[in-house]
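Working notes for the structure below.
Labels A, B, C and D are assigned to the chains in the order they are written; within every chain, residues are numbered from 1.
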Amino acid sequence: MTTQSLTIDAHEPGTPPGDLAIWFFIFAELLAFGIFFGSYAFARAHNVELFNQSQLMLNRASGAVNALVLITSSYFVVRAVAAIKQGLSRQCANWLGAAIALGGVFIVIKLFEFHAKFSAGISLSTNTFYMFYLSLTIFHFMHVILGMVILAFVMAKARSGGYSIEHHTGVETGASYWHMVDLVWIILFPLVYVIR
Amino acid sequence: MSQAFTKSMARNIFFGGATFFFLLLVALSFDTMQVLPKRDHRENITDAVARGKNVWEKNDCIGCHTLLGEGAYYAPELGNVYKRRGGEFVKAWIKSRPAEGTPGNRRQMPQFNLTDQELDDMVAFLKWTGEINTNNWPPNIEG
Amino acid sequence: MQYKSQAVAKPYFIAAIGLFVGQILFGLIMGLQYVVGDFLFPAIPFNVARMVHTNLLIVWLLFGFMGAAYYMIPEESESELFSPKLALAMFWIFLVAGALTIVGYLTVPYAALAKMTFNDLWPTMGREFLEQPLITKLGIVVVALAFLFNISLTILKGRKTSISLVLLLGLWGLAVFFLFSFYNPSNLVLDKYFWWWTVHLWVEGVWELILGSLLAFVLIKVTGVDREIIEKWLYMIIAMTLITGIIGTGHHYYWIGTPEYWQWFGSVFSALEPIPFFMMTVFAFNMVNRRRREHPNKAATLWALGTGVMSFLGAGVWGFLHTLAPVNFYTHGTQITAAHGHMAFYGAYVMVVLTIISYAMPMLRGRAANSGKAQVMEMWAFWIMTVSIVFITLFLTAAGILQVWLQRVSTTPLGFMAAQDQVALFYWLREITGVLFLVGLVTYVASFFVGGETKEAA
Amino acid sequence: MNKPSQPRFVRPCTLIWLTLIALTGVTYSIGDAGLGGRNVMLLVLAITLLKGQMIAGFFMGLRKTSLLWRAIMGGYLIIVGGMIAAAYLMGIN
């Protein structure tokens, strides 16, 4: 028993799940997004009319659907972590696969949204609102892709039995990153699409 | 026992983060390249402007002056000098620098012995530079 | 010194210090020309002095980096250098090419130099920090490639550590981003845009990888802390550096014709740029506090800690002061930039090169550390130079604030020269502090000639 | 050896998931109704912060960590929310 407990991926009690290094990255990213959100809010304060008007041009429904997609995807990742904690590698990989697929749905919906905006001739230089809208969403979009790549690596390793009840820090690390991507959209959606 | 904070994870974050943000820089630069023609008015870069830039570089003007705020801080900003002083003044000024310097311990500008052609080119370059959309920098005409 | 081939680092370090002295002398000339405008005119006009000052800085830091690599890599790879002869040959080529370039700056009018070196065929000269004639630029590329070839093969045949990997990445990045210096379109905006890909991605990008690995190497040696821990922090620090610093390039794209959105990207990311420097400070102190051995070389430890603190102050704090677009609108291209430049370069790059020299030179001279007397003198030099640079920075900041106020904010703005006359007092103070810096530097050089009892290197 | 049973965090996370879905629906409906103004903004923001806290606490598992970690995340949400609210109120004046 004692030898077994020594080999478990037990991090110090009280620290968040996954590798501590990812949490530095997560908080650095959250900080960058946070400053961007604040900049958006204050830029809006100087341009309320423009922001309110331009906001109406956004596709709120696709933003909301994407929120649902990411929330659900995040939940699937929670199930993946739960599965590996039971030693169920296959289930873990399947839940991750489902989460990645939903990430793909997010990407597709977002691409339709971008396509509509770009074909209307909207770019980063159209006005301050669109500068923020495009910067924030594209920056987040790239994070979704990065998150999917990370989850794909974790899934591949899970599928080949690379994780176990004792050793699954990698799953938790990828999961934590993916939840961060979700968290950012949870703030971004109301801020950019709803609040007026 | 595996650690809660591993070197391999730190390394992955380094490579992943660096690649990610470099790609973002490339993407933003791509957009910038699309927008720039509207801001730098490159259709106005005549041969004279191009030659003028060469004269600017050959005499290391940036070693004393700033141009759009970049360079040395020893002598006035020249990005807006065309607006501030006009082309004729610029030419007369460059031409009239005494080779041995001006009296008193004022800051000195060398005599560069530019030809009339080079002076015209330089002014064309400075005029074009003054028309770049710099987001309203500098704050006032003094540069 | 564990490997014979590490000895090639010695001439590199000596050249670096020699050129450093030259850099400071020309700095003093320029500082005086700020207030006594006709000093040495027309023999050495300001633009020539500045070119010599900045180019010497870059070249001596490169000598320092190369020397550091030649010293570190054999020890890290546990293998002799691939070719010590090539390293020595490159040393002489680089030194002679550098010296000829400086002599060219000083003896021939710049326009004549441009003509002599066929600048018209492929104009690359006359841009800040990249004033070197085309042939010198090509020479730098050749030397860099030979150097990288030598270092890379040494690493390939030996042990591969994270420190040598990071150093190698930094050095390759240095060479790759230098290639942008060959791109000089007649469109000034494009020229400036990609000029920063050399300048910014050097000093706020790949050079910081070099800085990090040098510091990590010395910290492992002087503290005896587990390599695993130090390398893990190294990765985290440089990860944060590039995460913030790459898009941080945007803080140079506010007013040079580039689109407005750079004001947001540049501000957001460069506001985060102090974080890696802060981590570096914490890292250096943390490792020294957790040290497992008392290394006899106290001076090297002091330099390492100094690098942590001063790079945070100079690059982190002084950079942040004027990096936000609304502030930069007023401070862009003033003495504030000069203030930041001086402390950042000293705190980050000068100090880290002096750190590795301080650690390696005694070894190269066959002892674990210099005598107590020599170390005390070196530490005096540390404090004199560091305090001087702090005051130089403070005086330039004061001059800059006043300049901004008089020339840009005031409702009755003064012209450039009129504003300069008003702040002359601060330029005098800066020049006096500059002389003090030279005193520190002379003390530093003298410390190499102080004898006394030393222990043989292990 | 017996397989361990399903971890205890799954059930609360399922409830959190459903709550998040419902709250997203509320936010969307508010947007769809074109509602605006100070009180609506505060409501939407409150919902957002609540959702953020749920994700951080349950999905990310921060509720089981030490006070420091919870404080960093909680502080982050409060500061970002506070900035958004402050800027909004500034825009009204």
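Here, contacts are C-beta pairs under 8 Å (C-beta built on N, C-alpha and C of every residue); 3 or more make two chains touch, one makes a residue touch a chain.
On a predicted model such as this, the values are computed, not experimentally measured, just so you know.
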Across the interfaces A-D and A-B, which one involves more C-beta pairs in contact? A-D
Relative to subunit B, which chain's C-alpha centre is the most remote? D
If you average the CA atoms of subunit B and of subunit D, how far apart do the two points sit, in angstrom? 47
Can you give the whole-Å distance between the Cα centres of subunit A and subunit D? 14
Measuring from the mean C-alpha position of subunit A to the mean C-alpha position of subunit C, what distance in angstrom results? 39
If a residue has to touch 2 or more other chains to count, which residues of subunit A qualify? 15, 21, 24-25, 31, 124-125
Flagged in subunit C as touching 2+ other chains are 232, 235-236, 239, 243, 259-261, 265
Chain-level touch network, classified as line, ring, star, complete or other: other
Give every residue of subunit C touching subunit A within the complex, in rising order. 232, 235-236, 239-240, 243-244, 259-261, 264-265, 267-269, 271-272, 275
Per the touch rule, the subunit B residues reaching subunit C in their complex are 5-7, 10-11, 13-14, 17-18, 20-22, 24-25, 28-29, 31-32, 35-36, 39-40, 42, 45, 49-50, 53-54, 56-64, 66-77, 99-102, 104-112, 125, 128-129, 132-135, 137-143
Hey, which residues of subunit D end up touching subunit A in the complex? 3-7, 9-10, 13-14, 17, 20-21, 24-25, 27-28, 30-32, 34, 36, 41, 44-45, 47-48, 51-52, 55-56, 58-62, 65-66, 68-69, 72, 76, 79-80, 83-84, 86-88, 90-92
Complex interface listing, subunit A residues touching subunit D: 13-17, 27, 30-31, 34, 37-38, 41-42, 44-46, 48, 52, 60-61, 64, 67-68, 71-72, 74-75, 77-79, 82, 85-88, 165, 172, 176, 179-180, 182-183, 186-187, 189-191, 193-196
Contact footprint of subunit A on subunit B as seen in their complex: 1-6, 9-10, 13, 16-17, 20, 23-24, 27, 31, 34-35
